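Going by the order they are written in, the chains are A, B, C and D; count residues from 1 in each one.
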Amino acid sequence: MIDFGYGLTPSSTLKIENVANPAFEELRQREPDVAKCIACGSCTASCSAGVFTEMSLRRVILSLQRGREKETLPMLQHCMLCGKCLLVCPRGINTRHLILSIGKVYKMEEDR
Amino acid sequence: MIYQGKQRIWSEYQKEIPTDHWFYVRSCIRQSFFPASEKTFLEILRDRLGKDVYETPHHTTCGGIAYHSEAIPQETVMTIIARQFALMTEAGYENYVCSCITSFGLYSEVIEDWREFPELLAKIRENLWKATRREFKIPTYLAHASDLIYKFRNQIAEQAKFRLVNKATGEPLRVVEHIGCHYSKMFPSKGVGGAEYPYVLAGMVESWGGEVIDYPERRHCCGFGFRQYLVKANRGYSVSNTHKKFESMEPFKPDMIITNCPGCPYFLDRWQYVIAEQTGKTYGENGYGIPVFTYEEVAGLVLGYNPWDLGLQTHQVAVEPLLDKMGIPYKPEDKYKGPRGELLQRPDFPMNIKCC
Amino acid sequence: MGKIYDRLAQDYRIKEGLKACISCGTCTAICPAAEFYRYNPKKIVSIVQSRDDDAIIELLKGDQIWYCGECLSCVTRCPRKNAPGLVVMALRALSIELGYFAESEKGRQQLPLMHAMQRNVLNYGYCVYPETFAYEKHPEYGTVGKWVKDNQKAVYERLGAHLGQIGPGALRKIPQESLDELKAIFDVTGATRWMEIVEEKSQEKAREMGLTMEEYEAQAFNQTSRCHLNDED
Amino acid sequence: MSQNVVVIGGGPAGIEASRRLRDLGYTPILIEKTPVLGGHLARWDRLFPEGIEARTVLDPMVADLDGIKYFTETEVSSINRLKDTWVVKLSNGLSAQVRAILLTTGFDLFKAEKKEEYGYGIYERVITNADLEDWFKSGAAPQFDAVNVIGFVHCVGSRDEKAGNRQCSKVCCVTAVKQACEIKEKFPDATVYCFYMDLRMFGRKYEDLYLKAQKDYGIRFVRGRVSEVSEDNDGHLFVKAEDTLFGKPLKIKMDLLVLMAGMAPAADNHQLARMVNIQTGEDGFYLPQSIIGSPCTSSREGIFFAGAATGPKTLPETLSEAASAALAIDRYLKTPQKK
C-alpha cells in the first residue's frame, strides 16, 4: 500500500439504514415519557451542571433516539440530579427519573 | 424510476444555443490534463460541422481557480473576465463559449452580479480601462463547450462509427454522467436540463446509444474543492468525496463515466487509483477501475478517432475494457508512442488497479 | 451593528448570498465539507446573521471558514435564496484583508496557495500549467502522470498541444503583452496588495512560530493537525 | 322573486356560503368547474385533529342544496360591470345579472413535482399528502414490496422562495402528524419520520395530536428540511436532511416518502381578478380590504371573498368565513343603492 500523505476520512453523516434501536425501545418501555421531548432546551437552560460542563439533556435524549449514545452519555456523569429540569419541562417529563432510567438501560453504573 | 418525469423537467430547461460564430476560450485544467479533448472539440466543430470557432492567442485563464482558492480578490477575477470579453468584442463576436465549468459558472455569476449591481459593472469597466485601455460588451450568448456538442449530438450520431453499445451483447452501455457543480447548481436555467437532472451529457449518451445510470450520489461534488485539492494537507476531503460517489455507483455496475467539467475526470480517474493503492478496492470488472472520459473523448470514440490520438493513454484507469466492449480496434503497441512513432518507456504498473 | 459586520456587508457576495436564514439545514444536509470536516455551513451563516462582531472575528481567525470546497451545491437548495458558499467566500476575503488568516492552520495555507496561483497566472497566464505541476507535490497523478512528466514534451506534442509555442492552441505561450495586462489588472484590482498582505502576515507568523519561510510554507502545504476531520479527537 | 348572488367555486366555502345566503332569503348561483362539489374536501379521507371522516362534514352540506342553483363543469366566461350590477356569463351559455359576486375559488395543491430535488413523478415511492388520502379513502394501496420506513416532508412548496410560495400553508404540519399516525396504524411495525422546520400546532387539540404521535405512535420528529431525495438500484429512497438539533447531516433509507404539498393560489385567480378588476397580492392570493377587519370584502363594490382564496386556511376557518361573507353580502345588498 502506498502512503500518499492523506487518505479516506469517515463520514459524519448519521446514516440510518437499519432503523432498529433496541436500547432506545427498552428505554421507551421503561420511561414512555421520553418520547414526549420537543427539544425546546428548557432543561439545558436551567441545568446546574450545564453551567460548568457541556451537559445537555436535550442532546442526550436526541442522541439516544438516533442510536449515537456514545457521543453524549459521558455528559450525564456531570448530572447532580438536582431536578431543576423537572420543574421547567413544558411536557412534564420526569427528567430526574428519566436520567436514572437511562443509566440503568445503558448500563452506566459500570462505567462510573 | 419514471423516465417521463425526467423528460418533463428536461423540456422546461432548454436553453437557447446559437448554431454558429463562437469566440472560444480554453480551460487551464483541460489543456493541462486533457489537451487532446480541446483539439477534438475544435476539429468536430470546425472540420466536421463547418462552424466558425475563433480563438485568439491573447486570451488567458479566467482566474477562476485562483479566485476559488482565494488567491485573488473578486474584483480581480471580474476584471480578468472583462478582459476576455474585451477580446471577444474586439474580434467582432457575440457568442462566447468556454471549455471549463468553473469558468462557465463564474461567467454566469459575474454577468448576473453586473446586472443586479450596475455600479459594480461601472467599477469593473473603469478597472479594465485603467489596466489595459480596453472596453468590452457582455456576450449575448454564453455557452459551455459541452452545450455545443449537446446541440450537435444527433449530427455526431449520424456520422458515428461506433455506438455506446456492448458489441457482444447488443445491450446499451451503462453510463454514469457527472456534470460538475458549477454548471447549473447556481443558475439552473443556464444549464441544459437544469440543476437536478441535467440533460447536457445524458442527451449525448442517449443519442449515441448508451443508457444513463441515475445513482443516489449522482449530484454530489467530485471532491475537487479547489484548496481542498490544491493543498496536499486537505486532500483527504477530496478523495473521501470521490470515494462516496464510487461506493454509491458501484451496485449499478457502470461501464463508464462521462464528465462535463475539466477537473472532475481527473479526480474521478486519479482518486480511483489512490483508493485502490490505499485500500485495495477497485470499482470496475476484474480488478480494473471504471474508465472515466471527457465528453469530447466520448464524441471522438463514437466518431472513430484513434483512442491514442484522443489522449486516453494519459488516463490512470485503463480504458481498454471499454474499447473492447464497444468493439473499437486499437493498437496496444502504439499506446505509449511519441509524436513521431518513437516508443517512450512505458509507465509503471500500479499495484492494486489493473492496467494494460 | 458591528463594524466588522458592516465591512463584511459591503461584499457583493454577502449582498447576493445572505438574505435571511431560517436555519433549516438544507445546505448542511448535502454539503461535501460538512460530511468530512467538523463543519456546518448553517452555523456560519447563523453567526454572520447575528452581526456579532466578536463571533465573526472568531470565525475570521479560525479554521472553519477554510473547510468549504466552494462547490456551491448549497445554492441550489436554500429555500430563502441564500448562498452559504458565497458568505464563506466573503469571510475568507475579509480574513485575508485583515490579516487574520495567519491565525489558523487552514488559513495559513494561503501562502503556498497564493504563491502557486498568482505565479501561474502572472508568469504563464494559466491557473494550472504543466511546467509548475510537480509530481512530487501530486503523487496521485499516478504512474501515468509520472510518465507524462518524464516525457512531457513528447506527450503534449503527441496529443496536439502547443506547449510553450507561439500562436493559438492548448498550453501555448501567452504573449508577454497579455501577461503584462494581467499584472496591471492585479495592481489595479487588489490582487497584488493581497499577495503583499499574505507575505507580510505569513512572515510575522513564521517568526512567531520560530520557522523559516521555507519551513512555514512547507508545513502549511503538507501538514494537518488532528482536529479538522471527523475521526479525530 | 328573491335576488340572485353568484358564488364562484363549489368547495366548502362556496357551498357553505350558498347555504347561508339561501337562509338569508337569496338565490345563490353556485358555479363549479369540476364535475363534483366539495373541492379538495371531497378527495380527503379523514380530518385533523380528531380523525373524523371528511364525508361526515361534506355529505350533509351537499345534501342541503335546496334553493341553490348550482352548475358543475361550468366556468365563468366573462364578467362585466353594468351600472351597479355585474353581468356574469357562464360556459354553459347561461348568464346572470347580480349585484354581488362571492369568490370562493380556494387554493391549488402545490405541484410537488416543482420541487425537483424530491423526485415526485420520477421516483415511484415518492407520493403526496393528497395521494395518501386517495389511498386511505379507496383502500387501494400502491404495490410496494415492503413498507418499513416512511417519511413525511413538511413545507413542500411552502415557505419556499424558490418554489414561488413564501407563505406557510398552515395545515400541513398537523396533516402530516395526522397522516403519520394513520400510516402507523396501517403498518404498526414501520418507523415513521416527520421532517419539519417548525411544528405549527396552532389549533385546539393539535398539540394533543402531536403529543399522541410522539408518545403513543412513536413517530420520530427530525428538525431539518429535506434537501435531496434519490433512488437506489432497487427503487428504495435515500432522504437527506440535516438533523439540525444534532448539528449533523442525516441520511435515511426509506420505503415511502410523503410530500406535504402546500396551498398555492388557485391558477385561475389572475384571470378572475382581471375580469372584475381587483388585485391579487404578490403571493397570488386575493387581497381583501383588511386581513383582520374585513377579510371578506374586496376593493371593488359587490365583490366578496371567503375561504382559502385569500390565503391558506383550515376547514373550520373557511366555514366560518363563508358565514361571515354571507352576512357581509346581505348587509351590502340591504344598503340602499346610490342613485
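Convention: contacts are C-beta pairs under 8 Å (C-beta built on N, C-alpha and C of every residue); 3 or more make two chains touch, one makes a residue touch a chain.
From a predicted model like this one, the values you see are computed outputs, not experimental measurements.
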| item | value |
| --- | --- |
| Chain pair whose interface holds the most contacting C-beta pairs | B-C |
| Distance between chain centroids, defined by C-alpha means - subunit A, subunit B (Å) | 47 |
| Averaged-CA centre spacing for the pair subunit D and subunit B, given as whole angstrom | 45 |
| Subunit B-subunit C separation of Cα centroids, rounded to whole Å | 22 |
| Averaged-CA centre spacing for the pair subunit C and subunit A, given as whole angstrom | 38 |
| Overlap residues in subunit C, where contacts from two or more other chains coincide | 30, 34-36, 76, 140, 222, 224, 229 |
| Residue list for subunit A, restricted to those that touch at least two other chains | 2, 4-6, 9, 11-13 |
| For subunit B, residues that touch 2 or more chains besides their own | 195-196, 219, 232-237, 239-240, 244, 274 |
| Contact graph of the chains (line, ring, star, complete, other) | complete |
| Of all residues in subunit C, those that touch subunit B in their complex | 11-13, 15-16, 30, 32-33, 35-37, 66-73, 75-76, 83, 89, 92-93, 96, 106, 109-110, 112-114, 116-118, 120-121, 125-130, 133, 137, 140-148, 150-151, 154-161, 166-172, 174-175, 177-179, 181-182, 184-191, 194, 220-224, 229 |
| List of subunit D residues in touch with subunit C within their complex | 117, 155, 159-163, 197, 223-228, 240-244, 247-250 |
| Partner subunit C, residues of subunit B touching it in the complex | 26, 28-29, 31-32, 35-36, 38-39, 55-61, 63-66, 68-76, 78-80, 83, 105, 113, 116-117, 120, 127-128, 130-132, 134, 181-182, 185-186, 188, 195-196, 219-221, 223-228, 230-237, 239-241, 244, 270-271, 273-274, 308-309, 311, 313-316, 336-339, 342, 344-350, 355 |
| Residues of subunit C touching subunit D in the complex | 22-31, 34-35, 40, 42-43, 76-81 |
| Complex interface listing, subunit C residues touching subunit A | 34-36, 38, 139-140, 222, 224, 229-231 |
